[in-house]
Each structure stands twice: as structure tokens, then as C-alpha cells.
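Each of the next two complexes has subunit A plus one more chain, namely subunit B in the first and subunit C in the second.
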Partner chain A sequence: MDIIKIENLVKNFPVGKGFFTALNDVNLNFGKGEFAGFVGPSGSGKTTLLNIIGSLDTPSEGRAIVMDKSVSELTHKQSAKLRNEHIGFIFQTYNLLPVYNVYENVEFSLLLQKMSGSERKKAVMQALEWVGLTDKIKSKPNMLSGGECQRVAIARSMVKKPQIVLADEPTANLDSKNSHHILQTMKKLNEELNVTFLFATHDEKVMKYLNRIVTLEDGKVLSDKQNNLKL
Partner chain B sequence: MIKFLIKGILRDKTRSLLPIIVVSLGVFLTVFMTAWITGVFGDMIDLSARYTTGHVKIMTRSYAENKNQLPNDLALLEVEELLKTLNNEYAELEWVKRINFGGLLDVPDENGETRAQGPAAGKAIDMLSPDSKELERMNILKSIVKGRVPNKQGEAIISDNFAEKFNVNVGDELTVFGSTMYGSMMFKTFIVSGTISFGNAFLDRGAIIIDISDAQMALDMQDAASELLGYFKTGAYDDAKADTLKSTFNKKYSLIEDEFSPQMFKLRDQDGLAQYLDMADSMAGVMVFFWIIAMSIVLWNTGLLGGLRRYSEYGVRLALGEEKGHIFKTIIYEALIIGFLGSVLGTLIGLGASYYLQEVGLDFSSITKNVTMMLPQVYRAAITPQLFYIGFLPGLVAMTLGNALAGYAIYKRKTATLFKELEV
Partner chain C sequence: MIALKLAYKNLLGAGLRTWLNVTILSFAFVLIIFYNGLLDGWNRQGKRDTINWQTGQGQLWHSEYDPFDPYTIADSHAPLSDIVLKEIHAGNLSPILITQATAYPNGRVQNALLKGIDPNQKILQLPSADLNNVQEKYSAFIGSRMAEAAKLNVGDWVLVRWRDKNGTFDAREIQIAAIFKCDVPAADNGQIYISLSVLQEMMGLENEASILVSNENFSQKNIDQWVFKDLDFLLEDFEKLIASKKGGSMIMQGLLLILALLAIFDTQVLSIFRRQKEIGTYIALGLTRWQVVGIFTVEGGAHSILAALLGAVYGIPLFIWLGKVGISFGTPDMGITIAETIYPYYSVRLVIISLLIVVFAATVVSFLPARKIAKMKPTDALKGKLQ
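Here is the complex of A and B:
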């Protein structure tokens, strides 16, 4: 059973009087628990594709079906609910909320759900345990290292126990030691919780962890194969 | 969620400080200016009430029609009887008689020949009854420049201006020429017991003040008076009450066919004071209106700047599954919280400043000295119940409105465009 189905997907962006085609007839399926990634040169459409899967954007043509829901048919309420409950995001620049501490940053998406205080606390503490940051719950983002920030971001995306985590260049701002650390963390979560991880990346280090690599070029799928170089 | 927002507001000074300063400044100015306007107009009204209009005033119908000419031939008669009735039926007011008259003041030299002469506006009030409050009401004791207040009949106080001009000293004699109530020639000599300066030209121009009993005798006005003034014993003018008083009194005692029948006027009806009172009200209203608009524009802009600064925060929140409508709502909530804080602060500072000016006042006597209008010397603010909301509500509205306008830009964008712009 595929958790993500992309069928004949085209994405056009209006540019001047015409269009720029960022994704051109993409067909892809991802099953539950995959640890896969999009690679390809800059501008090849990786981020655009992740945004559509994350229902932050919609296809111009074709369909993107995420957890049996067609992204283009969701109201913005429904897509917000889908993101809130089932999709986690991890960004290159961490994007933690600067005025809130580690605990509050992780807690935020649960505040949008109806959840009791004690349940929330349990979930937040567990997520912080997964990434090994229970000793920093009171720290503000500006007191943390880049690696620690990205681990908070992982905890934030994992706290709601999502089905899918979308990570756009998660290691681009990290040194190799930290990169490996967070990749190991994500891999572990993928294996233990059977969460689907999709990456967009240029990073060789990331590619080594992936089970499946989809190469994009000019908005088209150039290749889609199991990863032989895997660690 | 509210707790989450409050934490954000308190920790992020750039989010809260400027708007709180703007709101509290606007609220402060609204409160303070309102208190000031109310106070100043209130003082002007109070001054008129004390010297000329009373809180209510009774004259004969025809005296009222010609009152600028001081037509004592049309004065009220059987005043003692009328006072008795008034004290019975309208006991919540204190009633006093006054006589206004015009005349010529003649200052004789040692041979009894005229040394100087000038027209004067005369006022007769009750200065000799031990329980009379008129001296206090007209602030006469404090306004005495030389000498003292009359303590027996036959004494008079004159304006210090006049005394200076004609070189009249305390203890000198001075004759008032005029006409009696019945039109015959009248002259009476007084001893100057003191000179007075009220500090403004309107009251100080060639004035003479004598006791009411002297005036009644000299002007042949036994048991008569130009006017009866009523003062609420609470000390404050109450227009609604004055209005009922006026209509019940006039219905009962004022006869259209009898031009000598008494007629009651309330303070508002006299000397164009209604205009002042209304002006005070509408000035406050207009001011508040413009403040709301100005504050809203400023806060709209600070809201826009704040929003720009927080674009990536909004982007992340979208990605975490917050709806843009909900983000918009939290922007409004934040505005309400900040608006509330700013409004409370502004109201408190405004009340504090108003209280100070109510107690201390600003002395403008050197400026108003030559103004021929009846103006108070010391201007005070007045604290009224409306001050507690007149700035508070606009502060809240302006902050919310400003941020709603700023936040709407976010709300109406498509999620995808927004997310792209947010550069997450």
C-alpha cells in the first residue's frame, strides 16, 4: 500500500507572461516506511516536489495523493489538518521559533491539537528523548549549536508521531559529525516507528543513508533506484 | 494557546514594546486632553455660575428679556416671600438675592467737589449676614488688594483698577449716582473699605460691590431683587436636575400673560453657555476620533513591520499545520493583549497626570489678565468617570484594527505563495 502516489504531476510557475515548468510529468510511488531522497542539481525541482507532497503547494496538472487524499482537492483547512497530524517538516535552516525554548518549540504543533496537558508533556519528553536533548529543555534556540537545533527540529517534526517526514537539505548547515548524528537519529526513528522519510539533498553523506534515490533533472525523473552505495 | 502568545509577547520586546508605547501614548493623550478640556470648560462654567448665572436663576419675564440694560424697574418683588417658598420647595438648592445696577462713581475732594468720575457696574450681594456664603462664592476675601471686606452698612469695595486710576484710598468717601427702581434720581455715599482685583478685565472694569441691604435702601428696592440665584448644595451643576427644576417651577409660577411673574433659567440657557458645554463635549469626541485613526495607522505600520520580521515564524507555523486563518486570529489576540496592556498603562498615566493638574492646576493669570471674557486664572483638569474608558477603548480598537489590517495581507495570500515568500 503506497502512502504517496504521484501521477503525471506537472507544476508550472507563472513567470512574466508565460510559465516556468518546475516539474514535468513526474510519476512516483512511496510505500510506508521508506527512507528515500530526491537528488539532482539546483533548480531541478526537489523542493517544489516536497512542498506538493507536504500539501503546502498544489499540482498544476496530474495528482499527488498523500495518505489517500488528493492534495489539490483539499481545502486549506483540510491540508492544515493533514500537515498537523501526519506530516513533519525539517528545514535546512532549522526554523525554530526564537522566543520559545526547546520544550515549547517541540510542544507547538500539539497545541494546535486537542490534547490534554499531561499527554502533551509525555509526548514532548519522549520526542526529546529520541533526539537526546532532555537536558536542554529550557534552552532558547540561540543558546544551541546547529546540530542541537536540527535535533530539536527533528523532535518537533516527530512529536506528533507523523506518517511522513519531509526533510529539505537537513544537513546543509551542519559539519560532518553532526550530519551523521542526525542522520543516524532519523534512520533509527524510521526503523523503530516505521515513519516514511523523504529527503531533498545534494549531500553525499545523506545519500549514503538512503535506501532509494530518485534523481531529478529539469523537473523530470532521471532515475529511480535502490541505493547500492548504502552504508 | 493564549499562554503561548503571552509568553511570546513578554519575551519578544520588539513585538510588544513599540506598540505598547504607541498605544499608551495615544491613550494617555486622549485621557489627559479630555480631562483638561473638561476641567477648563468646567471651570469657565463654574466661574459664570458663581458670578453671574447661578446654577439656576430667577428673574421676572421682562427683566430677563432686557437684562443687559440692568432694568431694575422690572425687578422681582416680594422677594422674601418667594425665597421662603423656594427654600421650602427647592431645598436642595441654596438661594441668594442679587442686585445689579449701573451708575456713576463720583470721588469728591476735601471740599466736596468732584475730583474724579467714572461709570461703574455695581453688584450688591449679601456680605453682612453671618451665614452668607457669597463672599466665599465670589472669592472676594482672597481677591482683596487693600483694606478689608465691608463689615457694616455704608461700606463698599471698589475695583483696584478704579482706585488706582482715580487715586482713591481705603477710608475715602465715594458717591454712587444712579436711578431708583421707580426711576427717580438716586445718590448715596459709601466709605471705601477695600479694593479688589479678581484678576480679569471682565470683572475688574470699574466695579463696585456693596451689601444687598444698602442697595435695597438706596435703589428703593425694599423686598425686591434683580435676580435670585440658586446653587445646588452639592456644589456641582447638574443639567438634568436643573432642567426638571426649571420646568416644574415655570409651570407653577411663570405666567405668560404676567410680565412680572418670575421665570427660572438654568445655567445652560444663559450667556451662550450651552455652546461652551457642547463644544467641550464635541471637542473631546473629535479628538478621540482623530486619535483612533492616527494610532491605527501607526499601529498598522508597526504591525506590518512586525509581521515582516516574523514571516519565517508564520511559515513554520503553516508547515506545522496551523491554518492561516488561525494565524490571523492569533495576530488579533496578540493585538488585543498588547492593546490592553498599552491602554491600561496609558489610562493610568493619563489619570495620574490629570489628577496632578486637577489638584495643582496651571496658573494663566498673567495671560488672561487683559482678556475681557470671564476666564478662570488657574486652569485645572477634571477627573470624570468617562476618563476610565475614553482612552482605553480607542487604544484597544486602534491596536486591533491596525494589526488586523497588517495581518489581513497574510490571510488573503495563498498558502503556497506565502510559504514561498516566507523563505523557510
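Here is the complex of A and C:
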């Protein structure tokens, strides 16, 4: 069973009086536990595709079926629930809540779920353990390095034990040492928890970790290859 | 709950700007409470004084009596029946006979109301008992305003002319036995008080009165040709005065409140513009757009809670202090009932109503800009590229 099915997907953006086609007849399937990525030049539609899979956006034509739900048919409430429970996001710019400390940032999405305080605490501490940040739980984001921020973001996306994590250029603001560190962390979580990871990236370092690389160009799938890991 | 915690952290995180808004709003808050408390205090004192010095707990008027029509006064008097006398003896009613008179203090002419009052009455605070201690039969007491206007002192004689029951003019010198001070101009300006029995004799109206002042124990409201006027009626003018003062002050309070609300509105607009990425992140984390609207609304509205707390910090000591020492108004003689010192009165009701108004208004002006979030596309918000 594929966890993500993309069928004849087209995405048009209104530009001036006409349209700009950012994704053009994309067909892709992803199984549970894949560690895959979209690569391709800037403007090729990587982010747009991730956003649709994350139900932050909807297709203009075709369908994107995520966990058996067609994202264009979800209400705002249903898509919020889908994201809250099953989809984790990791952004290039970390997007941590600046007024919350590390612990609270990670805890946030669990507050939207019904969960006892002790359960929640356990989950947060475990997520922070995965990323090796248990000693910084009281720090505010502005006291952390970029690598640490991204690790918090990973913990935040993982704390709810999602089915899918969508990572848009997660290493773009990190040096190579930190990039490898967070990629190893994500790979480990992928293997241990069987979480599906989808990346959008330009970064060679990221590509080395991917099991499958989908190349986009001008909104079309140029190639879709299994990647032999050279680690 | 999450929204409140976030609001609290975001507001404190915003630092100076928050405190600026909160400070202005707290001024508005404190001013509203202060001013209304002042008027409420004035209202309470004014009513109490009017009751004590002029109206009692209500009055029975002779059916012809109309204080605004001087021509009725000559005809509005009636003998005191047994029922009335019984109440008078019980101390529940006090008769006053009223007639128009002209006084000639120091050779000048002044219209006055000559009032015959029972020297033994206890219902009004007027110093009628002083009339028991005088040698001179034709003794009067007057208020300080009247004394000043007529340049009369204790011991002075003043020529007074009046008409008796047949309309015949009569005149005689009356000696000022006492001068009293009170905060109720209507009980003072142009009033000359003499003993009831003396005035009855002067007018040839044995055992008659124009009005009967009652105390709180008086209950029989329908007697003979007397019409009962309750406090609502007797205090109506004063009530209207306070209401008009309240109305007038609303403009000032409203302006200050609007200023504070504009500052919050502005902050909201700016903060929603600057924090698009955060908004997108909330949505990515699984909040609905309206929940995000809620977060921002609560955050803006929470200014009012902080303002109430800040206002309480300086307002409560200020109010307690003012409640103790009062606010001095000197002796402004504007013909309205106002004490020299007003003790503002802060009721729980006033505080709660003001709080509700401020919280409600702050929430509304926070909600209006936040509504925009519901129309944002989350992908655009995440890019932070909205205008």
C-alpha cells in the first residue's frame, strides 16, 4: 500500500491574467518508510509538490492521495488534523516559535491532541533524546546554533510519531558537519520508526542519503531512480 | 489555554511596544473608573445631603403646591388633620408652611421664601432647634449662601414683608439667630426659616402647612388633600445633572479609549504582517486558520488584561487614597448640589463593567486585523510574501 499517490497532478498559479504551470502531469507513488527526495533546479516545483503532499495547498488538476485521503477534498479542519497527527514539516529556516523554549516548541503540536501531561512529557523528552538535545530544553531558539535549531525542528516534527515527514531544504542553512548530523538523525528515525521522509533539495550531501531520487524540471518528472547508498 | 500562554509569551516578548499599548490602555481604564467613581461618589453624597437637608425620605405636597409656580404658593396650604398630627407626633412627618416674602437686607430688595419649620423636628438636619433657644420671637436662621448674598450676620435684623391669608401685606423686622452651612443650595439660596407657629400666626393660618416632610418610617401615602412625592421625583433634577455629567465625560473617556485601541489595532496589523511565517508554521503544525485567528485575537485582547493588572498596580492605591482624602472642589457656587470634598465611590459593578468594556473593545480591535489570517494561503504565509 502506497502512503502517497500522486495522479496526473497539475498545479497552476495565477500570474497576471494567465497561469503559470508549476507542476505538469506528475505521477508518483511513495511507499511507507521511503527516504526519498525531489531534486532539480530552482523553480522546478519541488516545494510546490511538498506543499500539496502536506495539504498546505491543493492540486489544480489530478489528485494527491495522502494516507488514503485526497487532499483537495479535505476541509480546512480535516487537513489541519491530518497535518497535526500524521505529517511533520521541516523547513529551511527552521520556523521555531521564538517565544517558546526548546521543550515548548517540541511540545506544541502535542497540545492540540488529547494526551495526558505525563504521556506528553515522555514523548517530548524522547524526541529530544533522538536529536540529542535533552541538555538544552530550557533554551530559547535565539540561543541555539542553526544546527541545533534544525534538530529542534526535527524533534518537533517527530514527536507526534508521524507517518510522513516533509523536509524542504533542511540543510540549506547548515554547514557540512551539521548537515551530516541531522541527516544521520533523520535516517536513523526513518529506519527505526519506519517513517516516510520526503525531501526537496539541491544539496549533494542530502542526495547521498536518499534511497530514491526524483528529478523535477519545469514541473515535470525527469527521472525517478533508486539510489545506491554510498555511505 | 495554548492561546493564552502563547499570547502571554508573545506580548512579553514584544517588550516596549506591548508596554506602551498596555500603559495607554491602563490610563483609559483607570480614568474611566476614576471619573465614574467620582460621579458616583458625588451622586451618593449629593442625594444623601439633599435627603438630609431638603427632601427627607419623601414629601406630601398640598395638592395645589407647585414650587415652580410662585402664584400657587399663596393658596397651597391646608389644616393638619388628626391623621397627619398623629404622624407628626410620632416624628414621621414634619410640617412646613411656605410663603413668598420680600426681604430688605441693608436697604436692598431680595425675594425670598419664608418657611415655617417645627423647631423640634428631627427629620431634616436644618438647625431648627436653634429657634428654641432664642429670646426674640421673630427669629430666623438662614444658610451661608443666603447670608452672603444678603450680607447678613448672626444678630442682624432684616425687614421682611409678606402677605397674610387675606392677601394683606404685612412687614416686620426679623432677627438672624443662626447661619448654617450645607451642600444643598436649594435648601439655602433665598430661604428664610422661622418657627412654624410664628409663621402660622403671621399669616393667620393656625395649624396649617404647605408640605409635610417624611422620614423612612412614614408609610401611609394617601392622606386627605396631600399628594405624596417620592425620592425619584424629588431627586429627579439631581439625577439628570449627574447623568448629563456622565454623558459629557464619556467623550473624553471614549477618546482616550479609542487612542489606546488604535495603538493595539496598529500593533496587531504590524504583528500579523511581520509574523506570516509563524502563522504558516502554526498551520503546518496542524492548527486551523481560525484557530490562528483565535491566537492572535487572544494575544491582542490580552493587552487589556495586562492593562487591568498595570492599572490595578497604580490605580488601587490611588483610588484608596482618594477614597480616604476625597477630592476638594472648594465651594463652587454653581447652584448645584456638590460637597466641598467629594469621596469617589468605586463599586464592584463599576469596576466589572469598565473591565468588560475594555476587554471587549480590545478583543474586537484585535480580531478585526486577525480576520485576515483566515484568508491567507498557508503556503504564501510560510514564504512570508503577503502584502
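Operating definition for what follows: the second predicted complex is superposed on the first by the 228 of 231 C-alpha atoms of A that agree within 3 Å, B and C clash if a C-alpha of one lies under 4 Å from a C-alpha of the other, contacts with A are read in each partner's own complex, and residues count from 1 in each chain.
Everything that follows uses one rule, which is that a contact is a pair of C-beta atoms (placed from the backbone, for glycine too) under 8 Å apart; a residue touches a chain by one contact, two chains touch by 3 or more.
Everything numeric here is computed off the predicted structure, so don't read it as measured data.
Peer 1: Looking at the overlay on subunit A, is there a clash between subunit B and subunit C, or do the two fit?
Peer 2: Clash - subunit B and subunit C, as placed by superposing on subunit A, overlap.
Peer 1: Considering only touches as defined above, state whether A:Q184 meets subunit B (first), subunit C (second), both or neither.
Peer 2: neither
Peer 1: Pick one for A:Q226: touches subunit B only (first), subunit C only (second), both, or neither.
Peer 2: Touch partners of A:Q226: none, neither subunit B nor subunit C.
Peer 1: A:L97 in the overlay: touching subunit B, subunit C, both, or neither? Say first, second, both or neither.
Peer 2: In the superposition, A:L97 touches subunit B and subunit C alike.
Peer 1: Tell me which partner A:S145 touches in the superposition: subunit B (first), subunit C (second), both or neither.
Peer 2: In the superposition, A:S145 touches no partner, neither subunit B nor subunit C.
Peer 1: Considering only touches as defined above, state whether A:N27 meets subunit B (first), subunit C (second), both or neither.
Peer 2: Neither partner.
Peer 1: I'd like to know which partner A:T58 touches here: subunit B for first, subunit C for second, both or neither.
Peer 2: first
Peer 1: Contacts for A:L112 in the overlay, against subunit B (first) and subunit C (second): which applies, first, second, both or neither?
Peer 2: So A:L112 meets both subunit B and subunit C here.
Peer 1: Across the two complexes, what residues of subunit A are contacted by subunit B and by subunit C?
Peer 2: On subunit A, the overlap between the subunit B and subunit C contacts is residues 51, 54, 56-57, 76-77, 80-81, 83-85, 89, 91, 93, 95, 97-100, 108-109, 111-112, 156.
Peer 1: Could you please specify the touching residues of subunit A with respect to subunit B in the complex?
Peer 2: Listed in rising order, the residues of subunit A that touch subunit B are 51, 54, 56-58, 76-77, 79-85, 87, 89, 91, 93, 95, 97-100, 104, 108-109, 111-112, 156.
Peer 1: Which residues of subunit A touch subunit C in the complex?
Peer 2: Against subunit C, the touching part of subunit A is residues 51, 54, 56-57, 76-77, 80-81, 83-85, 89, 91, 93, 95, 97-100, 108-109, 111-112, 156.
Peer 1: Which of the residues in subunit B come into contact with subunit A in the complex?
Peer 2: Answer in residue numbers: 1, 4, 7-8, 11-12, 312-313, 315-326, 415-416, 419-420, 424.
Peer 1: Give the list of subunit C residues in touch with subunit A in this complex.
Peer 2: 1-2, 6, 9-10, 12-13, 277-278, 280-281, 283-291, 377-379, 382
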